[in-house]
Each structure stands twice: as C-alpha cells, then as structure tokens.
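Chain IDs A, B and C follow the sequence of writing; residue 1 opens each chain.
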Amino acid sequence: MADTTRDITTLPMSRPRGILVAKRGSLAWLGVVPFFLYTTLFLLLPALWLTTDAFRSPTGGYTFSFIQKLFQSQYENAFFTSIRISLVTALVGGIFGLFVAYAALREDVPRWVRPLLTTYSGVAANFAGVPLAFAFVATLGGAGLVTQFLARFGLDIYARGFSLYTFTGLTITYVYFQLPLMILIIIPSLEGIKREWREAATNLGATHTQFWRHIGLPILFPSLLGAMVLLFGNAFSAYATPYALTSGSVNLVPILIGNVTSGEVVADPNLGDALALGTIVIISISVVIYALLQRRSDKWLRR
Amino acid sequence: MRRPRIAPWSAFWLLLAVLYFLIPMYATAEFSLQTGNGQYGFDAYREILNDPSFKSSFLLSLRLAVETVLVSLIIMVPTVYWVHLKLPRLRRVMDFIAILPFMVPPITLAIGLLRELHPLVTVRQLTWLLSSPQQLILPYVIIVMPFTYRSLDAGMRAIDLRILTEAAQSVGASWLTILFRVILPNLRSALLSAAFLTITVVMGEFTIASLNQFQTFSVYIQYIGAAKANPAAALSIISFTLTWGLMLSILIIGRQRGSQQQAQIGTTR
Amino acid sequence: MPGLKLQGLHKQFGEVVALRTLDLAVESGEFVSLLGPSGCGKTTALRIVAGFEHADEGRILVGDKDITDVPANRRDMGMVFQSYSLFPNMTAQQNVEFGLRIRKQRSAERARRASELLDLVGLASATGRYPHQLSGGQQQRVALARALAIEPSVLLLDEPLSALDAKVRVQLREEIRRIQTQLGITALYVTHDQEEALSVSDRVVVLSHGQIEQVGTPAEIYGEPQTVFVAAFIGTMNRIEATVRADPSGAVESAGHRLPVHAARNWTSGLHVLMLLRPEVIDLRPLQGDTSAGGEAMTGNVKSHTFLGPVTRVQVSTPIGDLMVDVPSVEALSVSIGARVSLTWDPASPRLIELPAGAENVVGPAAIIAEDELQPA
C-alpha cells in the first residue's frame, strides 16, 4: 500500500526497492537454505521416492505394469469417486463457507461472533476420523437424532434411499471439515475487499448485485479459486474419515492406498506407489488449472 | 455504537452454519450420555477418564503438537522474514511450495517418508528417532506448512518489515535482536494463529500416526471407537471441547497481552 | 446546477453525538469546506449527504428536491474518497466509465466521456493503466474524473488529499478548485487541513463537537474568528486574557499592563475577554541597552526563532505571557536570542472575544496543541 503515497513524479511502474533487497549473485539466498533443505528432505524426496517405486518391479528393473493396473475398473472407479466427492464437497463447502464468512464479517453482526467462528472452524477443519464419523452416525445414522426427528414427521430418509455410508452421506460428512477450512481460508481475502470500493460503487449508482458482479467477485476470484483447489486436495487426501465411517470398505483412492500398503487385504506396495502417484498427478492437474485461470486476473494483481 | 439490525440473509447463513456445526455435536453428546434403557448418565465419561491410555495418548499428542509448533516456527519464521526482506522475487516460489503439502496427501507422505527413512535404521545415531514418536514431527512440520506460511506471510505483509529492520539496524541491533525484540513482538497475532492451527492439525492427525503405529490421541480414539461406542462418543466430545477450549484461551490470552501492542502496529481498519 | 441544503441534521452513535442539529446551505456552484479536528462530525455530515449514513433527524435537499430518503445509489452525487477507492480490477478508463456503464450508456459514448474527463484531470496518457500502476496523486485524479463522469448534482470530497505528499497536495487542490470552477459544480469538501480549506473554498464551515462554530469566507474565518475555538484552531493566534478598561480610546488590561485595542470602546468595562492578535500584525523593534519602551509598547526578551521561509516566527517572553511575532526573515538576523525588544501594534488590529465564566484554560498552550493536531501524522 506504500505505493499510494508515492509522489506523482515517480515513475508509475518502478517498484520501490530499498537498499536491503538482495542484488543478483549475492549471498542472501543462503538464508533460505534450511527451509529448502527441509522441504526437499521431507516433502520432495518422499514424493519422488514413491514416484520411482511406482515404476520399479519387485524383481528389480523398471515396469509400467503398476501404472497400467490403475486403469483396471476397480482403481479407475476409485479415482472417479474420489474426484467426484472432492469436486462436490469443494463446491458445496466452498460456496457455503463463502456466504458464512461474508455474513460473519458484516458490520451489523456482533463482534464476538468472529473469534467464536474462527476458533470453531480451526478445530472443526481438523475434526476427522472416528470422532467425526461418530458425530454423523449419531446424527444421520439409522438411529441418528435427525433421522429419528424426521421420521417423527413421517419422513423416513432411509426408506427413501438415503444412507450415511453412500456418496451422499460421505458428502454431508466431508462438508463438516470442508466448510470450516473454507471459512478459515477465505476470511483474509474477504477482508481485502475494501469498504471504499463498495461505497464508491454505490455512489456511482451500482446496486449490491452490480457491485459484486463487476468488482467484488472479479477481485475475489483468484482467492476463491485457490481456496476451492485447496478444498479439492483436502477432500481427495481424506483418509481417516471415510475409513472410520465405512470401516475401510468404500472405494476411494486413499483407502485403497492404505489397504494395499498396510496389507490388510493384499499387500502390494508398488501398487500403492502407483496409486499415490496418480493422486499427486490429479491434484497437480487441479493446481495447473487454477494457475491457468488465475493468470486471467493476474494483469491487475500486484506482482 | 448502535448496530443496525442484522440483515436477514446473513442471519440465515450464520444460523445454517451454527445448526450444521452444532447438531452433530449435540447428537454425539446425547449419545455419549446414554447408559442404556433410556437412562442417562456420565458412565461413559467416567470410563474414559479412568483409562490410563486416555491420559498418555492425549499428553503424547499435546507434546507432539507443541514440539511441532516450535520446530515449524524455527524453520518458517526466519525463512519468511528473509524472503520478505531480501528475496521478494522468491515470494511466488514460496507461495507455491507452501501449498505443495496439500497436493501430497498425508498417506502418501507417510509411506514415502517410511521408505526414505528405512535405510537409516543401520545408522546407530538415528535409531532413537526411528523408534520414537518424535519422528512424526518431521512430516507434521510439512503438513502444517500451508497454515504456518499463510499466517506468517499475511502477518509480515501487514507490518513494514523494512522500516522496522532498518530502524533497528540504525541503532546497532544484531540480527538475533532484531528478530526477537523487534519483529516477533509485532507478529504476535500471526504467530498465534500459526500456533493455533498447528495444534489443531496435530491433535487431529490420524493417518500418519496410525501408519507408523504410534498411539496418539486420534489413534486412541479410533481404537476405542472400534471397541466401545458410548465411550468413543464421550471421547469425541472431550477431545473437541478440550481443543476448542485450548484455542479460545490462547486467543483470549493473546488478545490481552497483545492489546498494548496493537496501537503501535496500526491496523489497517 | 442545484444547491445543497442540510436542515437540522442530527446524528448520534450510542452516547456520542456526532452531529447536533446542523444547518447549512451551499449555494449553486459554490465550494464549501467542512473544517475541523478529527471527531468533529465533518465526515459524518458528508456521509449522510452521500447516503452512507442516515441522520436521526433532519432533511437534505438538492435544489428543491428532498433526498433524505433516496438510497445512496440513486442520489447522483459524485464522491472522492480519502484513498484506495479505485477499483483495482479496472483500468483508469474503466474506472471512469463505471458509473456510465451502470447507467447503461452506449460504449462509444462512455469512452468519449471518459477520455474527455481523463484529459481534464491531466491523465490522458494513463487510460490503460491499472490503479496499482498509478501514483497516489494520479489515483486521486482518476477518482475525481470517475466522480465527475456521472455529471453529479453535487461533488463530495472526503479528505481526498490526506494520503498524498505535501507537494502533490498543493498541486492537486488547486486543480480540484480549477475544475470545480470550470464546471460550475456545487462542491462540499471535508478536510482537517486549515490551509487546504482556506485556500480553495468560497466559504469555510468550522465544526467542533458536531456543531458549527463559524461559517464564513476564508478571510472572515482567518481575520475575524467569532469563537475561542476558531481563534485557536485557525492559524497561529496570540491569545491574551484581559479585562476591558474604562478608557475612551479603547484598551484592555492584562497582568497590570494597558493594551490598546480600539474594539474595547464598545465593550462594558470590567468584562473578562480574550484578546486575539495575529503574529503578523505585531511590530517588533530591537531596543538598545536596557531602555524600556515608552508609551504603548510591550517589552520583552526574545526566547526562540523558527524559520518559516520568508518570515521568521519569533517567540518573545513578555509580562503578559509569551507572544509570537512574525518578522521578515531578512530582519530576523538582527534580533538574537535573549535580545530585548519592543512590540507594538495598530490598536485597530486586535479582536476581542468575551470569555465565558470559568473558561480560563482556553488560553495558553492550547494554541500550539491545536496546531499540532492539524499536521497529518
């Protein structure tokens, strides 16, 4: 924001660079070595390890057989289900979260709402596995609170084909950690929408809707998209929750990885590696799509 | 300030969120209090609190959480500070790396790390690490990185690092002094939110811990859940309220101690 | 161009009264400034006119039309904000066109009008730039063009220069005035900077605690402050607590000294008053040796110098308190610190304000404090 106070005579495109900014070829980059070392050792290398193992045959040498296995219908289905549930819960959680966060930030909402919401979201975003599964069994399971409540009004949801242990049930459960994650991520971006923009638009004759169409949403778009990609990856990686809810019987990629790796069904570690590689590829594609879409709004973003 | 009435649609969304958040909690709480035959009581809670594994697994998770906070801050704070100050061109790279952990699912990370560390069993100096739960900190620092980085990045963006640093340098402060006496106090809320999210992530982490077969709190909950339903529900409630209570108290303590600081930083409305 | 009338505007935030039944009429084509320290209600008044806040009581009229209940987006008022108000996702041109786009004007017409206005504010070459590529001054020019594009009935400016450098501030305020005169548009300008208000306005409204202290031309506000507050707030003013003397040629008495003031002739003797004396109307002469000045002069010792460019402000310690005196800088060299000087003034210059009982503390350092408050941090 320092730019706004710059003198009119300064060149508009020149970015203020203090004396502290490193020159090319200086030793300043040494300061980030520990960080890069750590991420290489404990993030990149493990990923790379798996990637190469996915092509390594148990007898030594290299093979594509594990990668080919991914296209067998069971594994292909697992990928499709994982992608579908991740997309749906990212969209539902994302849009729901956007509205809730926006509502909580409004000036007419009491101040104490926000810390309660953010702390609750912080905990709920990491509320997974057995506790979450339990909470939803107690709510929407066959004898769950809401199921019973609706049944009292003659609406037997299980008779109508609902089950907590199917796609719909998993979706409702996933949103419990997707929604708070969205709230946490999007609040800072929403705070970036300045009151002056809203008032200037109103002053120029725009309605609330026109403001959001022409200004609010275009400005929010990159962060909104980024948040959704994070939600997508978050849902795709979820392991503890579907495992607890379905005792490992649902056909999702992380569950399969767990199964073939820990050998509860059949131990086939190289297949696990191939599945892991597939996961990384899918999530990478979502990030690339994000980067491409984001480039559209890049021209007016500060670099 | 007199407040205008809350707009109906924002009340609607907030109410919907509250219902969605609280009904499952209420259902779990109700379930945990059932003692059979339509009776209610605290039997399940008593059983859990008397189980020695409850205390040991909770303390293990809490300890791992605190250690993860320390390690990740030690790595991230100087790095983010340095990038902001000296290598602004690296910001985009950092932004990207910081979301990588989201792209590598925990289960993948855990398996890869196991594979990578396995050959080290032969190195005598490292055997303690490979058999102790502390090895979980290694991947934990990675999975909390997106949260830590975002908080610190936003925090450092909000204050004028350069002016603070130059002012400190001009009175002859060393780099350590600058970091601890000048930068960190001004980053209080960013540090708090980083610590806060790290703790919740680690307290709830199940995948990596269970794959490595350490009995952390969430692994313990899983184990109880498989065996006994009502105590597991009680445990869910206990763990949720404990973590939330912890967060709220951190927030309140941070607010009180940070309030004098606020004026100097000059928040942007 | 219609004029603007504020009638009995009253606004309260909880216990705090932001505006106390404010009445003001801005003539058609007139440039009126609302001036006052922060928290005096000037911004609240402007926001009520713009429709962002609603007055608890009172009406707002544009011409003869009552717009009190018209929503903000249908008031047709152009507003320039303090800063950051340009839409970051639009170029300068698109920002200026925005109001016309909302009004569904055809794009050729919009583009023509936008370039005309960008030309008017001297930014014809920056049409394709995004706000972050513009300097602060340029951003405010675009904001002005954007506000003018919708051909507003009234132009509202909310401290539009406060975030800019001093040099740009002066340059831009003159341009705002030039454009306003050229278009003949009615303008309401909010500022805490007295120099700004005095230099560009037709009339200045000085506000304090939600109430009007004085309305007048810049010359009136500066030369004839009507209240103690205005006297303290505007410029540097020597304020001397005194009592009116029974004296046919007009005089007051302070600390046992007789001070000539023509204005005192019309006042009842014995009245407790505040004598106001601008530093530039006092005449300073060095005294040789230890002679005391005869007649009507005040004597004192030079305490300090402040170089202000063409004049130097000299602080002189006298029996009636410290007085500020402006001396041409070329002459100031001859009065060194500690030197004994005589001070005289034309008895027609000082003004008197009756002091309310028990208002002692208005005198003294308050003048200095009030002036400090005016400097943007």
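The rule is simple: contacts are C-beta pairs under 8 Å (C-beta built on N, C-alpha and C of every residue); 3 or more make two chains touch, one makes a residue touch a chain.
Just so it is clear, the model here is predicted, and its values are computed rather than measured.
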Quick check for the class: compute each chain's Cα centroid; which one is farthest from the centroid of chain B? C
Chain pair with the higher count of C-beta pairs in contact (A-B, A-C): A-B
What's the distance between the Cα centroids of chain A and chain C, rounded to whole Å? 53
Centroid of chain A to centroid of chain B, CA atoms only: how many Å? 17
By the touch rule stated above, which residues of chain A touch at least two different other chains? 1
Within their complex, chain A touches chain C through residues 1, 3-10, 12-13, 194, 196-197, 199-207, 210, 214-215, 218-219, 297, 299-300, 302
Chain A residues touching chain B in their complex are 1-2, 18, 20-22, 28-29, 31-32, 34-35, 38-39, 42-43, 45-50, 53, 96, 99-100, 102-104, 106-110, 113, 115, 117, 119-120, 122-136, 138-139, 144-146, 175-176, 179-180, 184-185, 188, 195, 226, 229-230, 233-234, 236-237, 239-240, 244, 254, 257-258, 261-262, 269, 272-273, 276, 279-280, 283-284, 287, 303
Chain C residues touching chain A in their complex are 50-52, 72-79, 81-90, 98-99, 101-103, 126, 129-139, 143, 146-147, 150, 163-165, 167-168, 171
Write out the stretch or stretches of chain B touching chain A in their complex. 3-7, 9-11, 13-14, 16-17, 20-21, 23-28, 30-31, 75-76, 78-79, 82-83, 85-88, 90, 92, 97, 99-109, 111-113, 115-116, 138-139, 141-142, 145-146, 150, 154, 160, 162, 165-166, 196-197, 200-201, 203-207, 210-211, 218, 221-222, 224-225, 229, 232-233, 235-236, 239-240, 243-244, 247-248, 251, 268-269
